[in-house]
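We just call them A, B, C and D in the order they show up, numbering each chain from 1.
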């Protein structure tokens, strides 16, 4: 295998359009950097910069920018959802992307498998405080429902102590626990994506 | 007390712009009808028809239509969130409204209380299948975090059996259990709103 | 009204039997202390010290110690669930109590109301890190489903930063944000319990 | 590869001790039957028949029957959590097992990996009505946090329509959608377990 045989796309669910700083984009890029050490090349999409229409079909028609994002997801081996926490829950922007992925349930390959089969997903979560586990639970379930595979230890995150207000992108450095967790996520995600890349799930 | 001393606003989280039919709008209107029998008058807002900007402030600036919706919420005694289920979770449109309500944490009255204090919230949920309890959990928590009070039995819902595809608005009639639950929700919500209308929470 | 016209019971969901120290019991007692300033007297039950049988009936038969706890809940105006977080979720001990409360759906007063109607519930959550919002969401929903009313801002909590290991009962002092939140919870809970004590929900 | 090179253990979270009928045990056995068609042999453990002590260590001492169950989990390639829904959430018995699995975070192999690494997990959920998606979300997250890998479409379930009362084990036959979903789960789970069995995650 070559040094960059796998590809990834990171969907960032920040509520803030570019060029505003974004903690969720930051951790998403850190995941991509960690994946690069395992032969994965990828891109980052800040969802809120695009007009992703509400709906649960793969194409919602005129002006919908999801189909172009969808092509990046379908072309990649790995999907990373990087999301902020608001009220202990994933952002509405992230939820919009998950709903659009629900449309994949109607799309099958020649052998009856969802087009997402064989793709691996991981999650990166940041917030001022509290919510990372629940966010990962909701994202894991939604992604798994539409065909993604979840590697061991597939979430990295940072939150501060209860009711504090510092953002992840205001920290002096990446906390060691988060950095280690990101590295583990990347190693496991790349390993599993490579395995599945070479051995797709059986036909339906 | 007069026969219509209380007001309600129903925020509908369907993904479909008007005039498309909407099961969540249907159940939202049914809640409003049931509240009317307890002296509550109100209005329905289909959120997706409005340009509610992403963010967590009460006003996100140019073009943001949330401030007008917010005024309706602040003027009402009762807030009803009517949402579809997608992937077992509340819709992205509903989540957007909840995030905007997060902005209320910065707004206080002269006695240090959130402007939502004394307001009562209820939830109506519909989906083809599965998810109503979790949706109500997430909505209850988000609304409670920003100051709303939740009356006993504050959710009405309908879902079909596992993995079936009929919509609520395609049913021949409202299932009796859902109709009864809606009536109970309305009685409890109006009762508690009236109590709090006459006896606000203490100053902070 | 007298200075102690209301009663509360705190159900503590720690996994550790007495006399082991318990962070969730600590915050539960702090809630009770704060309620005392609003005329509420109460007791604390460490659930794991009792043989609460699995099941969803109000009495599971021989050896079941839930019926005695249930009597305390039914005698009180206020129920506080104080729970640790494990894996971002409420403890199994807390879940056991919620399941037993599910049995209340079969019990009605002479006017067709659940015996829990008019009772107010609040939640206190502690963990090393992450999970308080989701825990409160699940507990709010379960308690509301069986008839409890949730006052504004009905949860107090503490968690540390991501993946850290200090317990709440190892802190030098109660963090100010948590202390303030506990006070607000107590004021709102007592206020609403007093209102409902004097004006029960309407008959079914 | 031989026809039975993989092993599975199904942990059943019913609240009812044997020999009471159990819908969650039924669907758990159906998953095991479906896995058998892919060369997986396994056993079923009804957790409530065993004295699984509360706690988050791998062995809670005298009388604790978790260590014997744990040995079965560690010896298997596949873990299936089969759980009923109560109040829209996983049962307390299931939660107890998840908490005990939290103890695995302290156990490592010679190369620094959790002992769960390389094991694949799937979920089976039944209830009268509503809750399967949220239950799978919570179980996926908890199992993933402690090192299990989640294959594509890793949940099978059945629930009835809103607020109805028939149990899964009272149905005349397995609904076709559930039967199909169980078959897909089994095919994907066996495939991924076989892949990981032959190619463990990299050292930490």
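Keep this in mind: a contact is a pair of C-beta atoms (placed from the backbone, for glycine too) under 8 Å apart; a residue touches a chain by one contact, two chains touch by 3 or more.
The structure displayed is predicted, hence computed values, not measured ones.
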Would you mind telling me which chain pair, B-D or B-C, is linked by more contacting C-beta pairs? B-C
Over half shared numbers or under half: where do the identical copies chain A and chain D land at their interface, same or different? same
Chain centres computed over CA atoms; the one at greatest distance from chain D is chain B
Centre distance in Å when chain C and chain D are each reduced to the mean of their C-alpha atoms: 30
When the centre of a chain is set as the mean of its C-alpha atoms, what distance in Å lies between chain B and chain C? 25
Between chain B and chain D, the Cα-mean centres are separated in Å by 36
Which chain D residues reach two or more other chains? 87-89, 133-134, 137-138, 141, 145
Quick one: which bits of chain C touch chain B in the complex? Just the residue numbers, please. 114, 116-118, 133-134, 136-138, 140-141, 144-145, 147-155, 184, 187-188, 191-192, 195-196, 199, 201-202, 204
Under the stated contact criterion, what part of chain B meets chain D in this complex? 87-89, 129-134, 137, 157-164, 175, 177-178, 181
Along chain B, where are the residues that touch chain A in the complex? 15-16, 48, 54-56, 86-93, 95-96, 98-99, 102, 138, 141-142, 145-146
